[in-house]
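Structure in structure tokens, see below.
Should a chain be cited, it is by its letter among A, B, C and D, assigned in written order, with residues numbered from 1 in that chain.
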Amino acid sequence: MRIGVFICHCGSNIAGTVDCPSVAATALKYPDVVFSTDTMYACSEPGQDAIIQAVKEKNLDGVVVASCTPRMHEQTFRRAVERAGLNRYMFEMANIREHVSWIGKTKDLNTGKASELVRMAVEKLRRNRPLTAKRFETTKRVLVIGGGVAGIQAALDCADGGQEVVLVEREQSIGGKMAKLDKTFPTVDCSSCVLGPKMVDIAQHPKITLYTCSEVESVGGYVGNFQVTVRRKATYVDWTKCTGCGLCVEKCPSRKHPDPFNENLCNAPSINIPFPQAIPKKAAINPVSCLMLTKGKCGACAKVCPVKCIDFEQKDELVTVDVGAIVVATGYDLFDWHKYPQYGEGRYKDVITSMQYERLLSASGPTGGHVKRPSDGKEPKNVVFIQCVGSRDKSVNRPYCSGFCCMYTAKQAILTKDHIPDSQSYVFYMDIRSPGKLYDEFTRRAMEEYGAQYVRGRVAMIYPKGDKLIVRGADTLAGTQVEVPADLVVLAVGAEAAKGAVQLGEKLRVAPDQYGFFVESHPKLKPVETNTAGVFLAGACQGPKDIPASVGQGSAAAAKVLGLLSKAMLESDPAVSRVNPARCVGCGKCIQTCPFGAIKEVQDRFGNPKAEVIDTVCQGCGICTVTCPQGAIQLEHFTDNQILAEVNALCPPKMFANYE
Amino acid sequence: MSQLDDLKTAIKSRLGELECVIGWEQGYDPLHATPLFIRSEADLDRLIIGPLAVHNLATYLTGYKGKKVGVVVKGCDSKSVVQLLNEKLINRDDVVIFGLCCDGVVSQRKIRAALPADPGFVESVEIGGDGMTVTVAGQAATLKFADVQADKCRICTTPDAIVSDVLVGTAHTPAPAASLACQDEFEAKSDAEKLEFWQETMSRCIRCYACRNACPMCVCRDYCIATSRDPLWLSQDNTPAENMMFQMVHVSHLAGRCTECGECERACPVDIPLMLLRRFMNKQVKDVFEHQAGAALEQTPPLLTFKVEEERINERGW
Amino acid sequence: MLKIAYYPGCSGQGTSLEYDSSTRAVCKALGVELVDVPDWSCCGSTPAHTVNHVLSSALSARNLAQVEVMGMDKVTTPCPSCLTNLRTAAHKMEDPEFKAKSNALLDVPCNNTVDAQSVLQVLAENVDPELIKSKVVKPLTGIKIACYYGCIMNRPPEVMKFDHHENPMAMDNLMALLGAEVVPFPLKVECCGASYGIPRGDIVHKLSGKLLDAGRDVGADAFVTACPLCQMNLDLRQRQINDALRENFRIPVFYYTQLLGYALGIDRAELGFEKLCVDPRLALGRIKQPAQAM
Amino acid sequence: MPAQDVRELRIVGFLCNWCSYGGADTAGVGRFTQPTDLRIIRVPCSGRIDPLFIVRSLMNGADGVLVSGCHPRDCHYAEGNFYARRRLEMLKRFLPITGIDARRFEYTWVSASEGQRWQHVVTEFTRRIHELGPAPSFNPASEADWNALAVQASQGQGCPCHG
């Protein structure tokens, strides 16, 4: 074999703490290495051209590049060696940046380590063999999970791009958090006026199938060919007949259950349409509070329904859909502020969340848009906003900034003044985070035009005095303690991962981060991809986001889906397991352990049982290879011999010890 | 009727439907038994059982895959059969199990040590009571079973076959689980002492693979990775490290599967105490997974499955 | 019978004699045997740890070591300040290096095997509420009580490990059990001004004044406290506060053990109501006599 | 090749591509300084790590072996680390009988976002291995040792059972 080695300086990123020419010189002594050089930027165009030129001139049949992590540029270099006429798998990378130059302080140790990593790569490459991808067809249909603004955007863009879309939403209506908002920053335009038309488009688009009150039950298959089972929960209303007239909602006598759409500020009837613009505009029964379903008597809705669509016997239904790609847009949930004992843990009725305040401001909310505080219905004059409730606080395991609270608090301060001209708002903040177009100007307006008093400091406690709440906090700019008498306290609660996100992640094989948000493939370069091919992220399920960012990501995910499904055929990763039938004794252990059902039992021509891998189903994890005692099933590109070659390069057994 | 007669009767009644029935007969001298493959009623006359019938005949079963055979098993051997069944390496329908209620077998190694000199050819063996009389070169030596019993019999909890089509003999009340003093003593040694011990014993190893070939659970046969180039796990180097590596391969492939029949150790021509490794691994498997290979039907080997929460694995959160 | 080592603390020998005596009396009545720690010394109070952490810890460690010598593993004290010092010392000594430094100052080293708890915690966690209820002879029916815990009884939570650190309920529950009407006092764990009473009276006037004000707001007839310093600031200085704030507070401030003793029918001499500065008779008068209550 | 000089010992790491290798990258990107002893072998999944790779490393003279995968439930392949956990736990518990100090092998879980945790794991593990010092070899170090061993073997030191 003729191997060429290229040691990248990465400017000074590597060369600063690794003696690259010396690594290159050492590499020449390794077996089969016929060419070795150092290069300033291997990934640059001249860098890649130099590799291609060397392959041709030196007649190389394998290339090692020592540079950054293969998670960054393995694909880049594979394409380069392919352009040079080699098989893309006749390439290995040594990570001497992230794993050497950036973490080690001592240059000679770093240089030695880099040389050994190169040697490992050479030894592995010597055992590589050309691999060719298999091609397979894809299902031209997209599943979007979550009908918030990000999911809506992704669904519409995919459908407009010509793909069939199945949109699954857990709640009764799409719209998500945005549907609950009164106005949006920094334009102060009406949230439902912006969102409403998009929701209607979803309902009317011929290529979109909408399943609300539904959740993803299980996901099987792989990129291009997923099989998804959706559980359509019983609504006890036949939606094919329901016209959304609302007669049942009016007549329902059971109204003691809190209304989640209105953030539990008021109660909702047991059969309900959550809000006027709901899509689909269909009624559904809450089985927890419905008198008929809990006590077996009532049926008022069934009596008044003009189209007789009430069905108390309805059961959950499982629907299976085949899709080629999946967009996850499951959004976020609000931090449970009861974890902060200093805010009263719910003992004071007039301490509410920002989302509850949003409902109080909304004309379609429980107070018809008149701000009335929950305890006595009085209009508040002094409103205190407390920011960073569940953001930037390690003590509650929420060290991250939720990003949008500064902005919505400014918006709510402005709206407070609009609703109650003689009111005064106070905002306790840590820092104002308002990067974004017209964002900082907006917060300045809240302070300067609307007279909101911003106090830089945390709130230590809230306690009642008379019919007021005293908010005590620090004013760190004045260096003093302040106490503000408030009629209403609004907690700017931060975002946290949506409930059930982790469980959904398990089904989709998308890992959540330590806070439960889904991890993207690369924080900068692959923000909507996941490590599972064919599954994309949109919106706040990846991390807290405001509306423009969520919409942007929805479109971005749709672009990725359209790109993926525009190909007639997809190529499977050839680094899959392969059975050597001559060694296989047909014990079936690999079949038993494969998580993907990618191995089946076949019979050879003598009728002996043998394992066989289904290439397109195999994901290349290698569990089977370890399970097989004979080593008869080997994961291509990570065979026992390839990994042992790396082990032996690092720790040579006695037989090899005298080499060099 | 004696246990042997009962067994012969039972085998006779099934022989017609079977490829063969595997039992024991006298070997090259009266002290040593050897496996007997009974294909006709005439062969039955040579069948023996008793303390000299040491071999675990389950080892042969996988070689007959697809054919229906009979096998005579002691309690310990039956665990190997169970494990093979659990791993679907043999079909229950393809094997007729003649189970014995066993009173224990001897260790040839201990007999050799107990006799005054290397016995060479043994003239006769008289078995009776709690011992046996071995005559070599005209000289008779009387040995007590208790002194020459195999290690595994001392701690045996399953003297009677736990799965069988026919069970012959008088059932025993199994003894409670115990541990061997030599095992405990060895485990208590320091790492350095243990390392030195294995260095020495493994330098004796001649890599004959008798331990592997005698093992009823080693079903790879010709495809063992110890003797393969792709994958190339072991070199031909005859060093303690390489020899130990083979034992590590063996134990690793037996984790959760080894029934402690002791055939590997019995087969070793250079007296390497391989069961020290096996018993220790089994102890760990039992401790973590509450699993004993071959103890019951319908068990899944613990390394072929998992639990999302492993109660007994402390994942050392660091 | 529950047997626990008892560390009275210096206040119990002087300014809060009535707290000590009522504590001993109610414990006896409820079957908790208090065994005095022999030859106990000062816990270091507030000054010691502001000067030297090791020395401060050693002062408390000595007392913990005394308990170890008694062969006991639990000590109780009525005073939250003593408790803080005992528990902080034990907490810090979990670091072996610190423990060695602290023990170097002692004749008898402390093994740090003793758990220190407040008497309130002992009563709340080790005495069956039903037993207390069964022993009540004079229910506190009719009196409205604000329970004031002070700032260090439950804080810092990782050291004190008892009750809720922002909204403790142990005394509230106990008083309710005795039949009193417990008002929702919002400033349960606020600072009374503590030892500033001497150098900066104005601070105590402001802070304790706020507590009294809040108590009056929620309609309390009386306060109960568990801390000698809190009690002193609210009770002894109530007149100074009235002078400074132009107020007219007249709210008696009991130790919770006094009212507990009262309800259990313990001899008044042991409860020491006469030691209180604000006359408690008006408040006690609100308690309905058993005949009336029934 | 034993470790390059006295400052380093030979530590082999087996890391799954999706979580822990990414975590090690994250540590690099964050410039979280670590000791240089560790050499990382990248595998797709901790389920691909045959415990025998670890044994092979130790038999070949590695002073320490560190394995890291995705946290349980977060496996990119859904179940790989569940199998790995069982296999690795068995190996860890088995090592003492062989005379290899079990502290020379450790397995843990590090996600792609846990750069700091990776730094901590590497630093701690390297410190541990340095405390243990170079691993004793299964093979005799010199010709003389070889011969001594051969003599010993021919006499048959024997095991406690057969002694």
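In this text, a residue touches a chain if its C-beta (ideal position, glycine included) is under 8 Å from a C-beta of that chain, and two chains touch if they have at least 3 such contacts.
All figures in this text were calculated on a predicted structure; none of them were measured in a lab.
Counting C-beta pairs in contact across A-B and across A-C gives the higher total for A-B.
Centroid distances built from C-alpha atoms place C farthest away from chain B.
With centres taken as mean Cα positions, chain D sits 56 Å from chain C. Centroid to centroid, with C-alpha atoms defining each point, chain A and chain C lie 52 Å apart. Inter-chain spacing, taken between the CA centroids of chain B and chain C, is 72 Å.
Of all residues in chain D, those touching 2 or more other chains are 51, 56, 59-60, 73, 79, 83, 87, 139, listed in ascending order. Residue positions of chain A touching 2 or more other chains, listed in rising order: 593, 627, 640, 644, 653-654. Contact between chains, using the touch rule, shows up for A-B, A-C, A-D, B-D. Those residues of chain B that touch chain D in the shared complex are 109-110, 113, 151, 180, 182-183, 185-187, 191-204, 233, 239-242, 244-245, 248-249, 251-252, 255-256, 271-273, 275-277, 280-281, 284-285, 287-289, 302-303, 306-308, 310, 313, 315-316, 318. Taken in their complex, chain A has these residues touching chain D: 69-72, 95, 97-100, 102-106, 109-110, 112-113, 116-117, 120, 502, 505-506, 509, 511-514, 519, 531-532, 575, 593, 595-596, 619-623, 625-627, 635, 638, 640, 643-644, 646-648, 650-654, 657.
Those residues of chain B whose C-beta lies close enough to touch chain A in the complex are 87-89, 219-221, 223-225, 228, 230-233, 235, 237, 239, 241-242, 253, 303-305. In the complex of the two chains, the chain A residues touching chain B come out as 580, 583-585, 587-589, 592-593, 627, 629-632, 634, 639-641, 644, 653-655.
For chain D in complex with chain B, the residues that touch the partner chain are 51-52, 55-56, 59-60, 72-73, 79, 82-83, 85-87, 89-91, 93-94, 96-101, 106, 108-109, 120-121, 124, 136-140, 149-150, 152-153, 156-162.
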